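Both of the next two complexes hold chain A, though its partner changes from chain B to chain C.
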Partner chain A sequence: MAEIAVSAEMAASVWKIEASPGARVAAGDTLIILESMKMEIPVESPRDGTVAKVLVAEGDQVKEGQVVVLLEG
Partner chain B sequence: MVWQAELDELRQREALAHDMGGADKVKRQHDGGRLTVRERIDWLVDAGSFHETGAIAGKASYDAAGKLKEFTPSNCVFGRAMVDGRQVVVVGDDFTVRGGSADATIREKPIMAERLANEFQLPIIRIIEGSGGGGSVKTIETTGRANLPNGVGGGQLFNYTTLNLSVVPVVGLGLGSVAGLGAARLAASHYSVMTRSSAMFVAGPPVVARLGQDLGKQELGGWEVQCKAGGVDHAVDTEEEAFACARRFLSYLPSSVHGVPPVLPCEDDPERRDETLMDAVPRDRRRVYQMRPIVESVVDQGSFFEMGRLFGRPVITGLARLGGHPVALMASDPFFYGGSWTTDACQKVVRFVDLAETFHLPVVYLADCPGFMIGLDAERSATIRHGVRAMAAVNQTTIPWCTVIIRNAFGVAGAVHQPAGRLSLRYAWLSSRWGSLPLEGGIEAAYRAEIEAAEDPAAKLAEIETRLNQLRSPFRTAETFWVEEIIDPRETRRLLCDFARLAEPLRRPQPSRLQMRP
Partner chain C sequence: MLGPVLIANRGEIACRIAASCRRLGLRSIAVFSDADATAMHVVAADAAERIGPPPPRESYLSIPAILDAARRSGARMVHPGYGFLSENAAFARACTEAGLAFIGPSAAAIEAMGGKAAAKAVARRAGVAAVPGYDGEDQSPERLAAEAAAIGYPVMIKAVAGGGGRGMRRAETAETFAAALAGAKREAAAFGDGRVLIEKLVASARHVEVQILADAHGTVLHLGERDCSLQRRNQKLVEESPAPGIDPALRAELGRRAVALARAVDYVGAGTVEFVADAGGPLSADRIWFIEMNTRLQVEHPVTEMVTGLDLVEWQLRIAAGERLPFAQADLAPRGHAVEARLCAEDPARNFLPSPGTIAALALPEPGDGLRIDAGVRSGDTLTPFYDSMIAKVIAHAPSRAEALERLAAALDRCAAEGIRINAAFLARALRSAEMQAGAVDTHLLERLRSREAAARSVA
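Right after this comes the complex of A and B.
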């Protein structure tokens, strides 16, 4: 099974974690919600799969390009 | 025929030139998944339209009888051709001859290509591979001296590389490994495209290794690096797609600054109303929405041509048509920093409005800007100076301008939604909200004493926020005529097509005062 790394596309703080390990997700589902400039910005699943690992916690600061979720499948 | 022998020799020399660097080198080029320069030109231009200049220039050797023994053509191939029925200049590097480097170029060939574009007022497409006619350390030995870049008599190519940006459309195609002068000629374009297997860098991996950076070509200058940094505008999978991008870019532009952009017949109804626009912006102010479908909806169907998507992402830039009229379209992307202007977004705005000003393209801006980016990183990258530079660029434009405020307009960056010194058209969607600064965070600062004195500071804060929010309705602003028009979003396309018609006779086929920089 291929592992897919999902990255934050910009620097932001992690507002909410929507994905939990083991959950099935479809392409376009929100995995994590970032907060930047008082806006909630979703990080969406690039494809169908299963959440293998969530690498950040709510309140964390992430950098542009930082991997936040690993998917399988 | 009196001159048959000479004609035969001419044809023989032309045939030798068409062999390029020889069968081995051509095979190596093909094995690498790349076309030769001659194939590229054939694929790029209208069939059979390439008229080459200087095909038989190169290096020759002769036998004792003075007969031609060997011939290596110059690795710069250029001429004029048609692209979608319009004359252009094409200049390309032949990587099969000395990897495209200067010692096989013949200095005057790329210069003549640039001059042809400049003086005959024709768009130029630079097909770049290798060092783009730049130096090789070997040149020291072959010439017996070191070259001073831009030394006596050596400045012309450097001059035209940037001068032409103020005269004709310049497209750069980076196909293969592009370095040094090649990288400069690629970056000094109005629009540049590279294939995903290509790489561009000032100096390649072996040179960079001396800095202790052990990087492959892709890691150093691949498409992700260059497109995100704004070094190159766009990346595609195949060379054929790169040629299609070049042709499409040119279709929106005049052949030079001495003309106006071509207006095409339009099949899309200018009165078309898109019902989904009423629901495009969420009522919840913290929620973002996709801007590109809004752009696609209001312009002529299928006419939006985005440029520089991966760079300065809070701002979307591209060319589009409205009722067949080409326009420069700028929009915000709330998915990136809420649409706030970062340093790279400001740089993107400058280059984009300069392009519009240079080629007499009216500007349409779908604005949703909560301000400049804030925070330590933003200060460290001098967001405010890049921001006021963007403001100056917008204020210096003279092309007709129309703004639609989609949601936010806050602060100084919010003010740059239209040129400040002249009249533009402006419409605000029902979802509009604006202010000198956003209430959130701003209230704590402005009402500190009142909040601190309250028994329940949090409740006080909420109370003030509710009070101010009631005053924030765009209708109150319109009532005082601080904004001239609030519109039903479904009217946007009709009003923009109307703007494009109003703008048409205002476009002047004269060079702008602006001298464009890459």
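Right after this comes the complex of A and C.
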């Protein structure tokens, strides 16, 4: 099974985690909501799959390009 | 009466307040988080006090940290700027209790205008029309449907406890009302409060607001209106004064409403009364409704300053020191036309995604005749995710609207940044769009222009 890394598009803090490991997700589903510069930025699933791992916690600071979720499928 | 001023803010507004303090011979004290130790606003003030780590909750939103800084620095007055603690009644009260003059209205006035429901009650008392709606206790589907019909479709159903666009449904017709109500109720329940309110949906809307100044001796004046319809993500990007299509009679009527609302809460200081106007036809008084009052200085206050020739921060300080406003309403007619654009670190091509990072190089035009630049960052600074994305406000003033729009667009053409993305080129194109040139603005115009550009790119 292929593993897909989903990363943050910009430096941000993790505001809300919407996906939990094992959950089935469809392309376009919101996995995580980041907050940067007073804006909420959803991180969406690039394709259908299953959430293998959530690599961040709410309140964490992430860097641009940092992997936040691993998907399988 | 005037004493050293602690500026409880950061960025361009802190720099701008420090400049007025200096002109008036007042000592100013900046506050800074660890992310801002070398920021422009720290240099702009006469002294600076550290207030905590980068997250706003631990610094710019921390009332104890800011009051400590005021005590250490010997400040006598506190200017809250906009955002952060500027509309926090507890902060206003804490300043007063600490013997500091809070530059703004009383805590009671902030509370009376805090929240849309409270403000609507004030409007009712003052006899000012708010957006037609129903916010009563009878929540039966029959009553709600009857109220929606009385308001007239389309309507918006909103969770009383909702926010951020959640718990909101639009109903276009009586036939779709029941389904929309069920959806809104489901989402409202998630907020722990199943109640909803119903409001008239202004499908094509303009955002028009009136600046007021009130002294502590009963004089309340209005400084005309601003149109702030050009927005993205419900945030203003371009503001102008006067508003296109407003004649002196309509200006006087909106001014009258704003003054009545300010008087209803014994308002003192600078404030802004916001209205929604139906943009489906020419502006008319009976299709403009009160939304809320901002009990502070607004980001876009410079356009009013340019057409009135007044320094609003100076008058905030003078009012806080107990001075009387020395003007009459007739002295305050606007001269010429002013337009402001908010230069932000964001990428319009990617749905206005924020663009934090280090600014390797920043080029802004020189201020001059009819061109004002209120900047908060410079080359070499790092824009962190903790604070908003505004780099500078670029404001143009000219005899006519067309000249002001072109002066601002030309100034934006000369803005450039390396290391981050900025919205200057997009804003210049928006200012030169046929819709903007014609004054045919509404709150969805910027989004339409962005979609049109995206479509053109995908074809090309």
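The rule is short, and it goes like this: the second predicted complex is superposed on the first by the 73 of 73 C-alpha atoms of A that agree within 3 Å, B and C clash if a C-alpha of one lies under 4 Å from a C-alpha of the other, contacts with A are read in each partner's own complex, and residues count from 1 in each chain.
Note that in this section a contact is a pair of C-beta atoms (placed from the backbone, for glycine too) under 8 Å apart; a residue touches a chain by one contact, two chains touch by 3 or more.
Keep in mind it's a predicted model, so treat the numbers as computed, not measured.
When the two structures are aligned on the shared chain, A:3 is found in touch with neither chain B nor chain C.
With both structures placed on the common chain, the touch criterion links A:13 to chain C but leaves chain B unconnected. Contact with chain B, but none with chain C, is seen for A:42 once the two complexes are overlaid on the shared chain.
Judged by the touch definition given at the top, the superposed model places A:72 against neither chain B nor chain C. In the superposition on chain A, A:61 makes contact with chain C only, while chain B stays out of contact range. Looking at chain A, you'll find residues 9-12, 36-41 touch chain B in one structure and chain C in the other. In the complex of the two chains, the chain C residues touching chain A come out as 164, 233, 345-346, 353-357, 383-389. Chain contact summary for the complex, chain A toward chain C: residues 9-13, 35-41, 61, 64. Remark: chain A residues 9-12, 36-42 touch chain B in the complex. Within the complex formed with chain A, the chain B residues making contact are 286-288, 313, 334-340, 370-371, 373-374, 377, 438, 440-441.
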